[in-house]
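Residue numbering begins at 1 within each chain, and the chains themselves are lettered A, B, C and D in the order written.
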Amino acid sequence: MMVVMKESATLADVEAVIERVESAGASAHVSRGELVTVIGVIGDREHVGSIELEGAPGVDQLVPILKPYKLASAQLKEGARTVVEVDGRRIGGPHFTTIAGPCTVESREVMLETARTVRDAGAGLLRGGAYKPRTSPYSFQGLGEAGLRLLQEAKDETGLPIVTELMDVRDLDAVLEVADVIQLGARNMQNYTLLTELGRTGKPVLLKRGLSSTLDELLMSAEYILKEGNEQVLLCERGIRTFETGYRFTLDLMAVPVLKELSHLPVVVDPSHAAGKRDLVLPMSLAAAAAGADGVIVEIHPAPEEAICDGPQALRGEDFSDYMRRLEQAAALAGKELQPVA
Amino acid sequence: MMVVMKESATLADVEAVIERVESAGASAHVSRGELVTVIGVIGDREHVGSIELEGAPGVDQLVPILKPYKLASAQLKEGARTVVEVDGRRIGGPHFTTIAGPCTVESREVMLETARTVRDAGAGLLRGGAYKPRTSPYSFQGLGEAGLRLLQEAKDETGLPIVTELMDVRDLDAVLEVADVIQLGARNMQNYTLLTELGRTGKPVLLKRGLSSTLDELLMSAEYILKEGNEQVLLCERGIRTFETGYRFTLDLMAVPVLKELSHLPVVVDPSHAAGKRDLVLPMSLAAAAAGADGVIVEIHPAPEEAICDGPQALRGEDFSDYMRRLEQAAALAGKELQPVA
Amino acid sequence: MMVVMKESATLADVEAVIERVESAGASAHVSRGELVTVIGVIGDREHVGSIELEGAPGVDQLVPILKPYKLASAQLKEGARTVVEVDGRRIGGPHFTTIAGPCTVESREVMLETARTVRDAGAGLLRGGAYKPRTSPYSFQGLGEAGLRLLQEAKDETGLPIVTELMDVRDLDAVLEVADVIQLGARNMQNYTLLTELGRTGKPVLLKRGLSSTLDELLMSAEYILKEGNEQVLLCERGIRTFETGYRFTLDLMAVPVLKELSHLPVVVDPSHAAGKRDLVLPMSLAAAAAGADGVIVEIHPAPEEAICDGPQALRGEDFSDYMRRLEQAAALAGKELQPVA
Amino acid sequence: MMVVMKESATLADVEAVIERVESAGASAHVSRGELVTVIGVIGDREHVGSIELEGAPGVDQLVPILKPYKLASAQLKEGARTVVEVDGRRIGGPHFTTIAGPCTVESREVMLETARTVRDAGAGLLRGGAYKPRTSPYSFQGLGEAGLRLLQEAKDETGLPIVTELMDVRDLDAVLEVADVIQLGARNMQNYTLLTELGRTGKPVLLKRGLSSTLDELLMSAEYILKEGNEQVLLCERGIRTFETGYRFTLDLMAVPVLKELSHLPVVVDPSHAAGKRDLVLPMSLAAAAAGADGVIVEIHPAPEEAICDGPQALRGEDFSDYMRRLEQAAALAGKELQPVA
């Protein structure tokens, strides 16, 4: 950490800072410029982190040097990449993974038909929401446990591992029974209760970036999970909130290479929610793969016009195998391969 | 709702929309322009809301006419304003209320000293966090139940009602025992689990606007609480996330008059978290009061330099009664009075 | 346009609106809902546009139905796409074009060496700034006319058409002598003086999206140029301003397919300025091409470490032909071909 | 400036940086931490500014310590505040100034009636646009020189100094003849041509903050003017672009105290354009004054319903003297006085 003093700081202010730094077990290196003095604070993350200097007399700003996360950082693994393994499917490293399914589990028939389409096209995992976070209390909130049972049935029939969302810590056990990957939605990215509990389960977590979360904040949320001993975290870019009203969210694909530079964790992209329109899902999926994403999570539906939720952004089931084929080519551009299912 | 058809829509597309509207129990009024046909959908909120037309053939856009919330809307009370009463303190209407206290409950001594300062200066309620949402898992997470006990002690001594945050639904009973107003933090504004549970308690809720939430979304979150029968909701503007890096958040004071036009609920402002610096808290508090806020929630500390968290933004205890006096003048500008404590 | 009345609007308010609409030569279709009356205004763009109803008694909101631009809209050409031809190079349609060169023209040697690299790798056009918009008055502002002469020399030697920026209307003649495409920078996207003058020249214009401009605003700025009779406009996405501080700007690649749906004009992407870092330029270029962009504009430099400006984001000259080869593959994914130079 | 090296930086990388710093005439102070080395670069602004280290081998980030502006900084005047004097009216320091008038000059009658209202209510300056920046080429673009003549007439009759906007450098002489303060619009905040020319005139400039400009960028634009020898710059907050769609722009009132801490220049607020609605103008004006603004610039019109542009946000002429009286009270809260006109 660097402590930048104000131009008006006195010698006594500088000495007080040095004393505080040293009493915390760190050491201080002073650089006096013509106008401004800067004090480098040197020590390990814990000692440095415990020094409270913001707002101290004469202090202008504190400049962090070390990233605030440790377990999520690329340095931890010295360049090696985490590969999350889910029931034989490998996510990350040289692999490209497609997670597909309906936005919400709505009926047995739709769920099973979609699951078969997903399996037949060679996608890796099946998604579907039993618990749905909805802006309005008047919207359909998901089938709940009945939805979980339909997911189980789809898994039994197709062998596809299940990705589904957890919203309430009290549903954890029920979700754990069915889910192979637990999704944490964008609005829960800083739900520290859920983060900690998911860390304790050891189950892979798909962690969506919050609507206005920086990449550092996303990695800090991952750190909550990692800190509990769960190393299986998939980071997910799903669009951020900006001034643009032409689409629901602005998909931030630069996050893909940057997250991969900052962290060893796999990065997947959800192009469906940002686009909000079917026609945009294919180009943005190709772009995500070309940018180096480790996978995508997309919504498909056999008859999007009849979907209970988010139909307009769902790919049509009949187009899905063509979508997969083109995605494979884009992933190859970034040196990645769709994993053949054994 | 208005359904705007594409220029390329066929007559059959238009008829299909009309049929769908009518089969849902609503009625359709068609306006044919030179280029574009628009279909007005007329009926009550529930019937209109259940028609899924997004992405239907020939449909360009859907324009909602009614606001998506009902219980939170100003129309519900035909202009009358909700006044929330907390242990004899009235919040809203002609009253201006100050909620003050430390960011986090850190020790018995600091808590009691701050509580006395708050009471002596004539503020209405005492705030203090026992459970703290922190970006980093390595930061102090609050004293938890021990913190709640200190809040109870401060309440017993000073008679001040307590505002404190709930993060985990499993802590609800413990928090309910002490809190007079339960705070829902910005990062939990769309934690639908907590919103619903707080709706069921009937206890007043201070609902903070999310970092990138629109006012409509804030009101939809309030609707979750109101829908469970709890009418005691305080809306809180606390700064939104923008591109500006000169301060932590951008305090959106236009939200104050606009929320009061949209809703009957009281609106309070938290100037401390957006500013992140003590010197900005007074001018922004005065501005909030002048803009018509029903109150402010601020952080104070007897010795901010020693505070465990957010010291730089805490007002000094010794300056607090002067702060209150100036705030009273600003509230008077907007036709509001600080309520004398009986 | 739809005029949505307030719930509290009176019959007289509604009649006053109808009268105003009809007196402007348009016609009004009234839809009365249970709570709200909506008036559809039907007529051509000019008549409807001249009716000032915002803020009229009883009026809640005006909902535009037609896009505010006409010449830039996809409808104008009924799906056909504009191809801009620059000295034998075709931009748009089935073609993918690379524009490359140094950020700023800094010396004869660097300029000529870069131009040869660009030509040898098969890129289509040469970029280089003689006039540089700089945030700070203390930064290098470009070589001005001397820079233009170096661009002319590079063009004479390599045969590459030149893309260069105009900042001051008084430099128009000098720039017109050298430039084959005139660039209008993001900070000048709403400089209506320049837009109009460039419209009058008939020279192709590369129009960069403003830092916080919506796509509709970008197209309105294009409309300023088109309205003067100049149809040769290239739209350019170059990153927008968001809360994320991990990179300079957030590259909004969803703008690519959406602009192509809204408009017949070609869309190119500038990945260099948003990234601000060389390592991000390749993945974001591939992503842009995969998303369907008609081209990219990138910065390259023979020795980026010695560049006067923006060296860290410049591709190394030695890597450029490999970059071009991979970009070709990504463009092919979207059905586009790099145009062979005859 | 601090140079933060990467964890992977070699000793040779560090030495290369030191050599570069020293060869530029500055000196380097090295702090070696356990993981990271930081090099403090010490010297004057010009020497330090010319060292290009971004992207150099082993360099992670550069942290500027000094603000990039000098003439605009509060340090320049050691706490003294600039007071701009316009024809006997003082703006800044202990004074609070109101600038009022129609959005655009539309007719002789409206202009003169408005000018009398402004004068009678005791406002300080008269605003009115002869050249109007409009998003659409189809909108009214202002009366141009005819509008300037009407402003002159209003000035002759009322004695009020004139604030009017310059958009095109070729209109400078014509505008200079009439204007007492030249306004530079938000979309031209980084029009370096205009900034420099206005710096040369010596005439007071009202510089509006760009829609997505940081405060540092606003001050850098002021620096362009100051650098040419013109010290008479008024900074103007007018709302920034955010995700919120409930109003046109988000008025950032925290900018007021922060700009006054960073700079010696006066700060005025334009509440009309952000609000876009008359009812919001009064509360936001009071808030601006309470936050410590040196003045406001507002739109008024004798009959807003008939205004050619932006009628809904214009205060009614008949309400203006009441508005002025309440504004005076709010300014007093921040220790400021409306200046009596001699």
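Keep in mind that, in the parts below, a residue touches a chain if its C-beta (ideal position, glycine included) is under 8 Å from a C-beta of that chain, and two chains touch if they have at least 3 such contacts.
Bear in mind that the values here come from a model prediction, so they are computed numbers and not experimental data.
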- Item | Matching chain pair for B-D (criterion: over half of the contact pairs shared, by residue number), options A-B, A-C or A-D | A-C
- Count the residue numbers both chain A and chain B use at their shared interface, divide by all numbers used there, and answer same if that is over half, different if under half. same
- Note on the structure: The pair out of C-D and B-C sharing more C-beta contacts is C-D
- Message: Measuring between Cα centroids, which chain is at the maximum distance from chain A?
- Response: D
- Calculate how many whole Å lie between the centre of chain B and the centre of chain C, each centre taken as the average of the chain's C-alpha atoms. 39
- Note on the structure: The distance between the C-alpha centres of chain C and chain D, rounded to whole Å, is 27
- Item | Where chain D touches two or more other chains, by residue | 212, 241-243, 245
- Task: If every chain is a node and every touching pair an edge, decide which shape results: line, ring, star, complete or other.
- Result: complete
- Item | chain D contact footprint on chain B (complex, rising order) | 212, 214-216, 240, 242-247, 250-258, 261, 274-275, 279-280, 283-284, 286-292, 326, 329-330, 333-334
- Could you please specify the touching residues of chain C with respect to chain D in the complex? 45-46, 49, 52, 54-56, 68-69, 133-138, 141, 167-170, 187-188, 190-193, 196, 211-212, 217, 220, 223-224, 227, 241, 277-278, 304-308, 311-313
- Message: For the complex, give me every residue of chain A touching chain D.
- Response: 2, 4, 7, 29, 31-36, 38, 40, 42-44, 63, 65-66, 75, 212, 241-243, 245
